Structures are given as C-alpha cells and as structure tokens.
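This report concerns only the one structure given below.
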Amino acid sequence: MASKSFYAIISGAGSGTGRATALRFAQAYPVVLLARKPESYNSIVAEIKQAGGQAFGLTADATDETAVNAAFESIKKILPGSKLAAAVYNVNGGFAMRPFLELKREELDASLDAAPKGFFTFAQKTLPLLLESVPESPHPPTLIISGATASIKGSALFGSFAAGKFALRALGQSLAREFGPKGVHVSHAIIDGAIDTPESKDWVANNGAEDGKISPDAFIKIAETYWHLHTQHRSAFTQEIDIRPYVERY
Amino acid sequence: MASKSFYAIISGAGSGTGRATALRFAQAYPVVLLARKPESYNSIVAEIKQAGGQAFGLTADATDETAVNAAFESIKKILPGSKLAAAVYNVNGGFAMRPFLELKREELDASLDAAPKGFFTFAQKTLPLLLESVPESPHPPTLIISGATASIKGSALFGSFAAGKFALRALGQSLAREFGPKGVHVSHAIIDGAIDTPESKDWVANNGAEDGKISPDAFIKIAETYWHLHTQHRSAFTQEIDIRPYVERY
Amino acid sequence: MASKSFYAIISGAGSGTGRATALRFAQAYPVVLLARKPESYNSIVAEIKQAGGQAFGLTADATDETAVNAAFESIKKILPGSKLAAAVYNVNGGFAMRPFLELKREELDASLDAAPKGFFTFAQKTLPLLLESVPESPHPPTLIISGATASIKGSALFGSFAAGKFALRALGQSLAREFGPKGVHVSHAIIDGAIDTPESKDWVANNGAEDGKISPDAFIKIAETYWHLHTQHRSAFTQEIDIRPYVERY
Amino acid sequence: MASKSFYAIISGAGSGTGRATALRFAQAYPVVLLARKPESYNSIVAEIKQAGGQAFGLTADATDETAVNAAFESIKKILPGSKLAAAVYNVNGGFAMRPFLELKREELDASLDAAPKGFFTFAQKTLPLLLESVPESPHPPTLIISGATASIKGSALFGSFAAGKFALRALGQSLAREFGPKGVHVSHAIIDGAIDTPESKDWVANNGAEDGKISPDAFIKIAETYWHLHTQHRSAFTQEIDIRPYVERY
C-alpha cells in the first residue's frame, strides 16, 4: 500500500481536537503525537494501538525550539524512510479572560509563544518534509492549523488570547498562498464552539443543549472535516473553514 | 436501506458544479435535476442511469416562481413518499463584466433574479421539506448554495454580478442562523476559480496551469466537498466554505 | 467662492441620517433633497433656509426610475450651471424582521428595490455628473452610501433586509474600485446602531444608555463623518467605514 | 482654553504617518514624541515649535518596557498636571519579505515585539490616563493604532510581518470593545498604500501615478483622518477604518 510509507504528525495531541484527529488519521497512517507531557498522549496511543493502528508519543513543548527539533530527529529513527503526509498544529495555550489593565505581559507572551511562535517552528520543520512528499503522497500533503473564534474576533477581555490566534491565522494565510501553488495544502480551521482547552472543560455552553457543547464525540466529527481537508484534490482546496455546533450563535 | 426513501434536488444542474454534484449525490440518493432546458440535464440523467443511479430531469427556470412550483408538484408524483435529504442551489445568471455606466438596469435585474430571488423561491419550497426530514434523514438535511468570488468582493466592472451574489450570501447566512438550530444545515460555498458559467468556458485561467482552471474533473472534486458538507454531523457544521484550485491567486 | 457653483444631493432625506447630512452639507453647498413625500423634506428645507443655507426638495420614489429621471431634469432648472460635488444615497425600505417561511416574495422585492435597484439608478445619474466635477470641485467629488449592520451580517430573521443591504455594498465596492482611480470618491458607511427607519423609532436600544440610541443629535455627529469623507484628499480615501454608538455591542 | 491642559502622545513618531500626526495634533495640543533615536523626532519638534506649537521628544524603544516606563515618568515632569487626550501607536518594525523557509525566528520575534508587545505596554500606560480624561477632555479620549494591509491579509512572503499586524489588530478590537463603553475611543486605521517604513522609501508604488504613493503631503491628509477620529462624538465612533490612495488597487 502506498500509504504505508507515509505518516501524520499532530502537535498538541492532548486536547479534544488533538485526540480525535489522531484517531481519525490513524485509520490511514501511523501517527506521531507531540505533547508537553506523556500523560497527554499515552492513553491515545493505547487507544490507537487497540484499534489496530500505529501511534508514537513524543514529549516536547511546542514553544521550545530545541525540544521540537529533537522530536523531529526521533521521528527519523522511529519511522525510517517514512514520509510526512499530514501535519496538524493544534496547540493551545495562553488563554486568559481578564480586563486588559489586569493582564500581565507574561500572559500575552504565553499566547504568542503557543500560537505564532510555536507554529513557526512546527511549520519550518514540517513544510520541507511536506514539499518532499508532493510527488508521491496519496493525498496532497497537508498542514492544518486549529483556530478559534478568537482567530477572527477580538472580543472584550480576550485581547491577549486573540492576539496569538490572529497572528497564527496570518501565518496560515501567508503559507497557504506560498505553498499551495507548490502542491502543499495549508488550511486554517476555526473551531467555533466552547474553546478546546482544559480550562473550558466545565463550561456549560449553549445552555446545555444536546450536541451544543463540543463533546468528545463531536470532536470526532470535527476530525472528519480535518480528514476531508486532507483528501481534497488540489483543484479544490479549502484554505479557511469554520466548524461549529448547530446550536451555536454566531 | 434507510436512504432509499430520501432524494436530493439540484437547481442549476447544467453547469460544471451542477453536473458533478448530481453525479456525486446520485451515489447515495435518487437525484432530481432542475434546469431551464432539457439539453442541460438530459446527458447527466443518462450518465447517472448508466452508473446504476436514479435521476429525473425537470424543466423550470429558477426565476419563474410558477414553473418552480409546478416542478415541486411533479416530484411528489415521481418520488411518492420520498423525503428530501439535500437541496443544492447552483443557478448562475446575470453575469456581466462591463463599465458601470454602460450597464443596463436589466442586467442588474437578471443578476438579482438568478441569485436572491430564484434562491428565495427555492428555499421556501425546500426548507419545509428539509425540516420534515430532520428526524430520519441519514445525514442532517442540507441546503447548499453555490457562490463565487463575487460573493465577497465587488470588483471593478463586476458590480451587477456581485450585487446578486452578495445578496444570495446574505440569505444563506440568515438561513444558516435560523435553521441550523432546527437541525437543517445551510451552507454557502464559494467556488473561487474561473466562474462556472457557459460564458467562461473559453477563458484561460491561471495561465493554463495544470489543474489551474476548474476542469470537469475538478468539478467532481468540488462535489466531494459538497458531499462532505452534507455528511457533517450537527455538532460540527460548516456554514461558509471557500474552494479554489491550488494555483489560484487570492 | 468656488464652492458657490457646486451642490449636493441627498436621496432618502427624510430619515435621521438624511436630515443630518442635509444640514451639514448645507453649510457648504446648496442641497437638493429627494424623498418620496414632501412631508419628509419640507421641515428640513425650512430648517436649512432659516440657518442661512439653500435647500430644495424634490419628490421622487428612489425605486421609480422615471420619477428619478424627472427629478434630475428639475435640478438643471433649479440650479443652472451648478455642478455636483456630493451625492448621498440614504434610502431605507424593505425592512422586515420575520421567520423566513413567513416572508413574502414582495418583501424581498421591496428590499432589493430600495437598495441595489434604487441605488443603481441614482449612481447612473450622479456618477457622470461627479466625473465632470473632478477638475474643479473644492473636494474630490463624492458618492456616499448608507449601510447598516445588515450590510455585513445576515442575522436570523433579517434575511430579506440583509439581501438588499449586502447587494448595495457590492455595488459600492465595485464603484469605489472603478471610479476611485478617476478621482471620484465612493464610500460605504455602516451606521451600526438602532436601524435608521421609521419602524425603529420606538426601540429602546442598548438598554436606554445615554447616547446609546442614535438620537437626532447623534445623527448630526454621523453627518460630521460623512462630511469628513467628502473632504478626504484623494491620496487618503476611505471606501468603507463603520460608525456606531460607544455603548454598541458588536 | 480647556484644551490647554491636555496633551497628545505619539509612539513611532519618526515615520511619515508619525510626523504628520504630530504636526496635526500639535495644532490643538502639546505633543510628546516617542522614538528610538533623537534623529527621528528632532526635526519634527523643531517644525512644530516653528509653527507656534509645543512639542517634546523622548527617546525610548517601544519594545523596551523599562524605557517606555521611564518616558512616561518624564512626561509628568515635562507637562505637570496635564492630561492625556490622545495616544497614537505608530511603531513599525519587523518588516521582512522573504520565502517562509528562509525566515529566521528572530524576524518573527521582531515583528511581534514591534506590534502586539510594544503596543501592549503602550496601551497599559496610556489607557488609565485616557480613562481619567473622560470627564473633561475636549473630545473623547482616543487611542489610535496604525495598521497596514498586512493587518487583514497574510500575503505570500509577508507572513512574519502580517503575524505582528494581525495580533495588533486583535488587541485593538478587544480594547475598542472593552473601553468604548467607558468613553475611550479606540480605533485601528489601516494605511493601505506603500508601507510606511524606511525600507519602502524607494519603492515605486502604483506605477508612479501622481498621489499614487503616500507622499509626505499625503501623510498630512492621513493625519486629518486621525484627527477626525479623535473628534468623533461618542455616539458615532469608528473603530476600524481603511485609508488608501485613490489609485490603489485592493
């Protein structure tokens, strides 16, 4: 099978979208999971293996360039000769909801570290690999970025978080325009529901309507759209997409 | 099979996107094709039948309310007891590229007739049927609207065409917000390549790059994304999407 | 004074923005007011005259091409030899807030008549006059269009109104791009407060906060921004602008 | 005169927009100019004084929190008892136009330092002062941010620059929503012409058309719009505005 020699990588694998994307892409490829702590990926790796797939967890803070570099070196040993078909940047961080005058500069820094800076490193590592895969990849090599409502709207009290997410989208647009014509599909997805962070776990979104909060099952559905983006033919790329629960007011 | 008792309808079936959508949805449902002239759907109906699917052509000008009403009456006889799973509004018309002071009011009228007015009638006919299908449809009942770059950008010389397409998108947004919470998925897709009209047939888009113009094959790929929209779970709806060739400058 | 031989015209003079714009532009130019009924402009004409300005009311339904043509013929007699410096399209109509399946096609038609169709006629009459004024006008000849929140967002229940307003903005963008390089400043202003229609008169917007609803005085402030648009130098044109009360949530 | 006891501050005074804004606001207020080097403000301070205004230059790198803090301490001594009426953040930096895989992480950092980070510090210093001025300021206290086309479009090769500018706009939107209802006008202006940086000085924009590049005179016109933003009444605030030469293609 051609696709046997291709793999996918997901940075920020520990969140709902991360886990779901890993499960979905593992149906087609061996999957490498990057997360800050083994606790974030261990159970997902086990879940994938149980389902008959291949998965590998690597520990690296997406904002730590050296750790990310080391992770990519490890991949060469874990999957020798395998090529990169899809890369997903799904890192969250720097979430703060607070009056501006109470925000600390460190909170802005954390948002910028997790979003544009961490992605910058990830993209510089993955794009050369994706370019190499263009001639043989079963689907156009794909780089997917997870965004949020804060990627397009700077709401009151969400300034520092939105700053990171806006910047991330700027990079995504620029890369889509630069690498699309070279055959690499770069796509930015706005997940417009309860924000996918541990902090939001206890929110009651959309008044608790059925399917109104993005549930673990719902993340699986989001992952179907990620997979669809990956399988789009180069004559019909989508560079930006919104995904939200049917009850979401927007 | 549950889906045996559901059907899809495509208005404006004669264009590249229309044909491709018909072929794709015919893999799952009997398909009703609406077009102004039998020549527009006859060969597609034949193609679908040859592939083992079911298809029916009906002649109706989308801008003629009476003709559209009659078509929906016919469907009840052709597919008795069958329910509507998906409706696609893909009508083009009113394309004019001309200095504003040379435009005739009739050209603006033609654009508004083909876009917001024709869609208004189509949506008033199909939404009650789609609402009825919510409890049993194999996928969330779906109303898809085909837009163009002119749906979001009023370029010089494209004013009258953009007026229709902007208005169509306004209706799409409003319906997505009103009917989404009721379980009907309304989605607006911008096909951002050489415009899908007979008039554009001879354009050499994107300097003739391979896959750079939306070829008949490319329309098939676009239809895959339409099908994906239809199969999205209600916890992960996409209301607006752009689809463009990898070489498209935007 | 050079500006003595220039005039301004306001279509839809009867609303809050229309009246305020007339008063402001009358400080510099004779002003022609177009409205459907004399009651809409009589008191404004009186107000301007009392303040020492010149104003003329003409009765014409903006959606009636023949009536609009006749009005422009009248202007030649009223202000012989005077040139057009600024034209403002401020017509409202077709406002309906209603579930889509209860809307009548006539309501959509009314919205399209008042917005893109009425403006089309107005623009075809005024743009040739504005082009003629480029060499001598004290400020770049200007065509200003009044929009609303519904110009950029199709909210639930506002579909038909938004269809008209979106289409109007499409024309505005196209004309800005076509006529800007010729020296005519086309600008679209979104008045994002309680909608400027007689129907909205009794709304309590923004919980009744001081300056939270667009009061008659507030419209005067909006008119200052319209005047500023008119006086922008051609090296610094604004083609789209939002104007909203400080308490407005958006 | 009430306005005697109010002042304005401009960070990034050395550029075309900075100089022009300083000259314009100096017609109403004493003006404090912040720039990295005295060479950037010395001649502007002289120009303002010659015209009969008051101006003070302070040396501070906008990305250096300590230096900015010191500058604000100095202002208390230079203008004792005076209150802040308007603050303009006009800092450029981190401009790079380069294939993504050749970009260095330091170039992204420089863009983020100059845009969201520098502005964060500036806004945390100025917003408390602007809030204090609400009751007495001759016009609503105003915080204006200078953006660029890269604030809303991530073009190919402009990724790192756009990342900073997008993030800056995110903060601007959030602050507009948080501080508008408190009476402080926060506004983000996109100057959509040849980019206002020393590096762009030699570009031939818009094929050299008259007024096609933003000339020193044109910047004066842009400054008129900044001044207009400052003088908008709180019932008619503009939070985002585009300003571009009449010949600009967009």
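In order of appearance the chains are A, B, C and D, and numbering begins at 1 in each one.
In this text, contacts are C-beta pairs under 8 Å (C-beta built on N, C-alpha and C of every residue); 3 or more make two chains touch, one makes a residue touch a chain.
The UniProt protein names, listed by chain, are A, B, C, D = Putative short chain dehydrogenase.
Just so it is clear, the model here is predicted, and its values are computed rather than measured.
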item: Starting at chain B, fewest touch steps before arriving at chain D; value: 2
item: Relative to chain C, chain with the most remote C-alpha centre; value: A
item: Approximate Å spacing (C-alpha centroids) for the pair chain A, chain C; value: 46
item: Between chain B and chain A, distance of the C-alpha-averaged centres to the nearest whole Å; value: 31
item: Rounded Å distance, chain B centre to chain C centre (Cα mean); value: 34
item: Shared interface positions of chain B, touching two or more other chains; value: 177
item: Graph class of chain-chain contacts, one of line, ring, star, complete, other; value: ring
item: Chain A - residues contacting chain D, complex; value: 65, 99-101, 103, 105, 108-109, 112, 116-117, 120-121, 123-124, 127-128, 150, 153-160, 162-175, 177-179
item: Contact set on chain A toward chain B in their complex; value: 140, 177, 180-181, 183, 185, 193, 211, 214-215, 217-218, 221-222, 224-225, 228, 231-250
